[in-house]
Amino acid sequence: MPISKDQAREVVRRLSRWGSIEELAKRLHAVSEQTRPLPPDVPHPSDWSAEAHALRVRAVETQGIEIPHLAGRAEPIPPASLRGNIEQFVGMTQVPTGLIGPLRVNGVHAHGDYYVPLATTEGALVASYHRGARLASMAGGIAALVTTEQVQRAPGFVFTNIAEASHFAAWATDQFERFREVAGTRTKHGKLIDLLAHVEANHVYLIFAFHTGDAAGQNMSTFCTAAICEEILATTPVAPLSWYLEANMSGDKKATVLSFLHTRGRHVMAEVTLPRKLVQRGLHTTPERMAEYWRMSFVGGAQSGSIGVSGHIANGLAALFLACGQDVACVSEASVGVTRLELTEAGDLYCGLTLPNLIVGTVGGGTRLPTQRECLRILHCEGSEPGKEMAAKFAEIGAAVALAGEISIVGAICAGQFSRAHENLGRPAGP
Amino acid sequence: MPISKDQAREVVRRLSRWGSIEELAKRLHAVSEQTRPLPPDVPHPSDWSAEAHALRVRAVETQGIEIPHLAGRAEPIPPASLRGNIEQFVGMTQVPTGLIGPLRVNGVHAHGDYYVPLATTEGALVASYHRGARLASMAGGIAALVTTEQVQRAPGFVFTNIAEASHFAAWATDQFERFREVAGTRTKHGKLIDLLAHVEANHVYLIFAFHTGDAAGQNMSTFCTAAICEEILATTPVAPLSWYLEANMSGDKKATVLSFLHTRGRHVMAEVTLPRKLVQRGLHTTPERMAEYWRMSFVGGAQSGSIGVSGHIANGLAALFLACGQDVACVSEASVGVTRLELTEAGDLYCGLTLPNLIVGTVGGGTRLPTQRECLRILHCEGSEPGKEMAAKFAEIGAAVALAGEISIVGAICAGQFSRAHENLGRPAGP
Amino acid sequence: MPISKDQAREVVRRLSRWGSIEELAKRLHAVSEQTRPLPPDVPHPSDWSAEAHALRVRAVETQGIEIPHLAGRAEPIPPASLRGNIEQFVGMTQVPTGLIGPLRVNGVHAHGDYYVPLATTEGALVASYHRGARLASMAGGIAALVTTEQVQRAPGFVFTNIAEASHFAAWATDQFERFREVAGTRTKHGKLIDLLAHVEANHVYLIFAFHTGDAAGQNMSTFCTAAICEEILATTPVAPLSWYLEANMSGDKKATVLSFLHTRGRHVMAEVTLPRKLVQRGLHTTPERMAEYWRMSFVGGAQSGSIGVSGHIANGLAALFLACGQDVACVSEASVGVTRLELTEAGDLYCGLTLPNLIVGTVGGGTRLPTQRECLRILHCEGSEPGKEMAAKFAEIGAAVALAGEISIVGAICAGQFSRAHENLGRPAGP
Amino acid sequence: MPISKDQAREVVRRLSRWGSIEELAKRLHAVSEQTRPLPPDVPHPSDWSAEAHALRVRAVETQGIEIPHLAGRAEPIPPASLRGNIEQFVGMTQVPTGLIGPLRVNGVHAHGDYYVPLATTEGALVASYHRGARLASMAGGIAALVTTEQVQRAPGFVFTNIAEASHFAAWATDQFERFREVAGTRTKHGKLIDLLAHVEANHVYLIFAFHTGDAAGQNMSTFCTAAICEEILATTPVAPLSWYLEANMSGDKKATVLSFLHTRGRHVMAEVTLPRKLVQRGLHTTPERMAEYWRMSFVGGAQSGSIGVSGHIANGLAALFLACGQDVACVSEASVGVTRLELTEAGDLYCGLTLPNLIVGTVGGGTRLPTQRECLRILHCEGSEPGKEMAAKFAEIGAAVALAGEISIVGAICAGQFSRAHENLGRPAGP
C-alpha cells in the first residue's frame, strides 16, 4: 500500500469473490476447537531420536504426501536437472528442517490447519514458532489476507536537462497501455499493472509494476521491462543520453521505505486475538505486559531507524523460504513489516501483523527442486492451478507463521524465558 | 562505525600487529598474476553433467579437503546429532551449491586465492559472482579489512519518570567495569566491550556490545546480558517498574540505521581498482559508464529510503551464509552496506564496499553441521584456532565476494546484459 | 513523485501549454548576459550604513514597488488586523532582511531576473546566497520547473479486524468521485485530486491529496477532509470503532520518506550548468573538486540516515519563507531534497536540485501581513491572478534560491573558505 | 543519546549537583496549584483590540521587563548594529508574536512559571499552545531535563585506499587530547568533548563534537574544527588526497537518524501526567482515547518513514525560535523527537516528549537583536551568567512548550475539534 484508486478496484474485485463483507469476515473469523477440532500436534517435539524422526515423516506421509527427498531416502538427483538453478555445481548444502503445527489459518486463499516445514540451523527457532502456532490455533487460528500484489523493475534514463527529463516522464507514463501490450508479448502469466515516474533533476526513474501470477516474478519483470525499454528507445520523443535497465528504485534485494509503502511481492496481513487465559497459561505472562512491551519495543525499533517495526520476522521467513524453494536473499526485503499488539477492552490481546513486501512464488526458481517441492506439498501449495492463487495462499500461510513467531518471542521476553529457551535449545546436548 | 575513541585504540592495536602503515598497505596491496599466478578456474563452468560435477569435487579434494557430505556420497547423519540446531526434525532441505573462483583476497586475515561455495536456487547467481571474482582477481585481487566488531543486546527498563530514568541510565553506564566482570562469568570467548544508554522519557534502553570471538555471538550476548540484568536488578539505586531483556534496539534480525552506524557483527571493507582494459574486455563497458551508473543508482537507492546503498549484496551473502552454516535470517541486517564506484584520475575504476553489519562466525550454530563444515573447510575457515581470528577471516572473504557481485551486476547493467544473463541461466534447459 | 498515470496526464496538460518539448526546453534554457543583460547588483553589499540601506530601499522602490513597512517608515498596523494570524498578540518580532540578486530564473512560471528578500539573523547567509545567485545568473540563470502539486490530510480509522479494515479501504478508495464533490462544497480554490489507502492490520489510513490553488493549503485540506469524513461516517458499509481526522501519515510539519516520494506542496526542480571558467573565477575551485565533494557529501548524507541528501537548503528556505509570509514550521518538510553536482563531458559543472515538498502559497496565512506582502511584491508574486499560477511561480524562485545556496556553500567548502566566511560575517564588527 | 560511558560520567556529574536521586526527582516533581498558586493567565485571550494588546504588554512590563521594541514604541535600530546578523540589509520583516502561559516548568535549570512569546503568522497556533500550557500547569507543571549536549562538525578526508583510510581514522581518534588543546586555542566557551571516525572504503569522516556553552555553537564548532584540521594536515602520518571541512555527517540543518541517536544541540526530555478529570474537562476527551490515538499516530508516523515520531513539534519550536533569536533553519533538525502518551494504571494520561536535537543558545546570533533579546528576557533566559546554564534553561522551556503543543493537538483531534479550531482562528474576521 498505499492502495491507489486503480488498485482499490482490483482489491474490491478480488474480495467481492467472497461475497459481502459479512461473508469475507466470516471466512476470516476464528474457528474454535469445539467447532472444528485441531489435528494432532507434530509428534514427539522433545525427542531427537531417529524413531521420532521416522514418526514425524510418517505423520506427513499418512496424509498422502510423499517426502522421500526430505526424509533422506531418495537418490541424489542428476546434476543436469539443476540447470536453471545453479552453475558450477559442486554439491548439495543440507539444512535441517523441522515441522511445526498444526497452524490454523483462516485466510481467503489459505484456509485450514497446516503443518509448516522450517529449515534452519538455529536451535530454538522451530520450537518457538511451534509454540506460537499452537497457541494461535487454540485461539481459533490466524486470519490472513492478501490485498495488493506487484513486483517492480525500475530502469533509469539520463537526459540533458530537466525540461527533457520531465517531458519524457510525462510521455512515458502516458504510454502505459502500449507498454502493457509490449509486456504481454513476453509473458503469459504476467501483466503490467502500474507505472510510476520519479524525476530527480535530469534523471528519470520509471518504476514498472507487474502482476506475476504464481511466480515470485523478478525475472519475468526484468524480461518484460527490457522489452518495454526497447519500445521506449524506438518511440521516445526525446532520446536519453544513456539508460540502465535497473537504477535502484525497484527495491530488489533490500529493505526500502518505498517498497514498504507501495507493496513489493504481496501485501499480506494476519491477526489473532489471544484470550487472556491463553496468554496466562500458554505464555506465562499477561496481555497488559505484552501490550506494554509492544509499546516499548515499537518505540525502540522506530528510534533505531528501522523500516517497519517488528520482532524477528526474518527468522520465520528465512526458514520458510529456505524449506520451500523461495529466494532466500529476498528475506532482506520480505522481513520488513509492522507487528502490533494491543490490549482489547475485554482484556484480551489483539495481535496483528502486516507484511507489505512478501515476495514469494509457487512456480519457478527453487520451487522446482525436490525437497523444496515436497515442502510446498506439505503446505498444499505446490505449483499452479487454474482458479487458484497458489502463491497468495503461500503468502497467507507465511504471514500466519510470522505472526506466530512474533507472539512467541514477545511472550518469551515478557515471561523472562527468552534467554533460557536459547540455553536449552541453542546448544548441542551435553555429555 | 563511527569508531569511538575506545574502539580506535582497539583498532590501532589490531592494525599495529601488521607493523607500520606501509606494511599494512603492502599486505592489502594488489598482487598481479605475474607476481603470483592464479590457480586454475573452477572446471567446466558451462557444463551441468555429472562428469563436470565430479571434476569440480575432485578439484576441491585434490587440495586435501574432503567433502563427502556436500558431494552426496556420505550417509545421512543421525538426527540426534542435530540437537542444538533444530527441533521437530523431519528431514534435510537440499540446496544446490556452486563453486566460484579463484577469488584473490588481500586481507589482513584472509590472504590468498579462494574457491568460494555459494548455495542458492537462483540461476545466474553463481555465474555472475564467478565473473566478478575472476575479474577482480585478474586485477590483483580484492583488498579486505575488518575494523571494529561487536554484537549487541538491548534490554529495556520502564521507570516512573524521567528523573529516575536519567538517573538509572547514568548509573548503569557508570557500572561498565562491574558488568564486564559479570559477563565474564558467563563466557570464556566473549567480552563486554561497550555500553550505551538511550533514554526516551521514562524509558531506558541499555545497549550492551560484546566481542564474541569466532562465534556469531547472538546467544552469547543474550546470556551475558541476562546475567548483567540480574546484577542490575540486585544493585540499582532506582528500581524499574518493569523491564525486558530485549527492547528492539539491538538490531537483531533487521536492517537499522543504528546498526549501520555502530557496527553489528563486523565492520568490513573491501576494494579493488579495475584497470580500464579489464573493464572493457571483461565487462564490455567503460569505467565512465560504470561510474555514471553508480551515481544514478546511488541517488536512486538513497531516494528509495534504503539503509546504506548498494546493488544486490543480499544475493551473495545469502548464498555464502547458507553454504557455510551462518544464520541466514541475519541477511536482513548483514546485507546493508555502501558500494561506491568511481573513475580514477588515470581512467580506471575504483570499486569499494563497506559492510558494517556482517555478523558471522566459524564456530557454533550451523557451522557444526556436515556440509556447512565442509564449505568452511573449502574456505580454510573452519572452527577456531589460537592466534587466528577465523571469523574475521571469513568476514573478509565475505566482503570480497559481495564486492565481486557488485562489480558483476553493475557491469552487466552497463553492458546491457542484465536481462540476457537471466534468460540464459535462470530457466531450466529447453527441450 | 513518483508521478502516477493520473498525475502524468495533469503534468502533460500543464507542460503542453508551452507547446512542444522544444518550446519548453527553450523557455528553460540559459539566457546569456550578451542576449539579455543582467540588471544591476543589489547596491553596496559590504556597507552596513544607513545610507547603503536607503540606497537598497530606493533600488526596490524605483521599480515601482513601495516597501514602507519593510523599510521601517510605516506606522504599526492595528492589532485587530492580525486576527487570523495570531492570538494573544503582544508585539512584533523583527527579523533583519537582506536582498540578494539579481537571480535569473528561467522557469515556466517564474521567468526573469529577481531580487530576493531573505530574512535571517545569521550572518553570512545572505552574502552566501547572493554569491551563488550572481554566479548562476552569469551562467545564464537557473532553469526551474514545477511538476506535480498536492497537499495531504490523512485521517485514521480503527476497525474490529482486517476483514473490515480491508473492505473499508477498498470501498473508500472507490468513492473518490463522490468525495471530490463533497470537497467541492467546502472550497472554491481547492480540489481533491487523489486518495490512497494504507491498511495496517485493523487500522486504515486514508491519504487525501488536494490541489489548493495559490494557497499553501493545509487548512483547506483539513476542512475538506473533515467534510469528507462526515460523508464517510454517514455512508460507510462498515462502521469504524473510532476515527481521527489526522493520523500522522500526511507528512504535515515533518520530514518523511512518504512525502519525499509522493510530493507534498510542490515538486520543483532547478538546474544550471556552470562553465569551468566561472567556477574557477567565481568560486576559486574546480568542477572536478566540486564533483568529488558532491560524491563524498552525498554518501555522507545517505549514511547519516537523512531523507533526501543535500547541503543547507533549510537556510535559504527558512529565510525566504520568513520574509514572504510562509509557514516557517514547514521548513522541516520543505527543506528535504536532492542536490546533485556532476562534471559534464565538456568539463563544466552540472548542478541540479529537486525539492519534492516545497509547500508554499501566495494567498492566505502570513501573506496577508504588511512586510510579508511587500516581500512577495518584490518577487512579483503577490496574491493570486486569473490565468497565473502565482504559488508555482514562487516555488520556482524558491528552488532557484535554494540551488544558488547549494552552489555557494559547496564552492566555499571546496575552496577552503567555509570557515573564513563565517568568521568575517557571523560576528558583530570589532571595536 | 545513546549516552556513551564518557558522556554518562558527565551527566552523572551534572545531575549530582542536585544531590541524590530523591532530590532530583523532587525538583522535577509536579507542584500543585494548592502548593503554589499559578500566576494569572495572559489577559484577554479572545480580544484582538489595541487595548487588549496594551494590557498584555503591561502584564509583562509590570514584572520589570521592558519590551519597547516588541511593543512597537521604540525607534528602529541603526543598520550598522546589524553587522554580524545580516548583509545587504533592506528592512525588518515583522512577525506577529503572541504570549502563552503561565507554563509551569519543573526543570533542573528552568524552574518556575513562564510566559512564553511565540512568533508566528499561523492562526490558532498560539491559542493551541496556550491551551496545552494551561492544562499542563494545572496538572502541576511539566518536568524537564537536559541530559547530554554537543554540536558536531564533520570534515571528510579522501585516501588512496582502505589501508590508509583505516590507519588515519585510528590515528586521528587517538589524537583526541591534542585536538582538544588545539580547539582550546580558538574558543574560551567551547570544548571538544568527543570525536568519532566513520570509514567508508577509502573515505574517512571525522565527527567532532563540542560543548559550546550558552551559544548554539555552529560557528564555534566550525572554527575549532578548521583549526584541528590544520593540525591534522601538519601531523598526519598519511596524507589525504583531498579533504573538506564538512562532509555532510554533522547533521547541520537537516533531520538525520545519526543526530537523532547521538544528540545534536541538547537532548531534552519533558513529561507530565494529566489526571483523567483534567483531560475530560480541559480537552473534552478521555485518556483512553488519547492513548489509542497515540498508538495509531505513532505507527502511522513510523510507517511514513519519519525520523522520530511526533505530532507538530515544528510549530511550537519555529515560533519560539523566531521570537527568541534562534536559527530558524535549525527547526529542520530540532523538531525531530518522540512523543509518547500512555494510559497509566490509575487511568490518567502520561505524556512524555524527548527532543534529542534541540540546538539553541542564549548568546550570539539572533539573540543580540532587540525584540529577540526582549523575548529572551520575558523567559528570564537572556545572555549568559556564571554558574548558570542559560541555554539549558531555554532548552528545558522549549521542550515544555513543545510538549504542551503535543497535548493540545492530540486532545483537539481526539475531541473532534481539530478542524473547527482552524476555522475559527485561521482566517481573518468576517465582515
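Which chain is which? They are A, B, C and D, in the order written, and residues in each are numbered from 1.
What we mean here is this: contacts are C-beta pairs under 8 Å (C-beta built on N, C-alpha and C of every residue); 3 or more make two chains touch, one makes a residue touch a chain.
This structure is a prediction, so every number in the text was calculated from the model and none was measured.
Q: Please state whether the interface between chain A and chain D is built from the same residues or different ones, using more than half shared residue numbers as the mark of same.
A: Both copies touch with mostly the same residues.
Q: Can you check how far apart chain A and chain C are, centre to centre, with Cα atoms defining each centre and the answer in Å?
A: The separation of the two C-alpha centroids amounts to 40 Å.
Q: Let me have the rounded angstrom distance from the C-alpha centre of chain A over to the C-alpha centre of chain D, please.
A: 42
Q: Using Cα averages as centroids, what's the distance between chain C and chain D in whole Å?
A: From the centre of chain C to the centre of chain D is 24 Å.
Q: Using the touch rule from the top of the page, what residues of chain A touch 2 or more other chains?
A: In chain A, the residues touching two or more other chains are 198, 200, 203, 205, 257-258, 260-261, 298-299, 301, 303-305, 307, 309, 338, 340.
Q: May I ask you to sort the chain touch graph into line, ring, star, complete or other?
A: complete
Q: Can you list the chain A residues touching chain C in their complex?
A: Spelled out, the residues of chain A in touch with chain C are 1-9, 11-12, 15, 21, 24-25, 27-28, 143, 145, 147, 161-164, 166-167, 169-174, 176, 194-203, 205, 207, 237-238, 257-258, 261, 267, 269-271, 305, 338, 340, 350, 352-354.
Q: Any idea which chain A residues touch chain D in the complex?
A: 257, 260-261, 295, 298-299, 301-305, 307-309, 338, 340, 342
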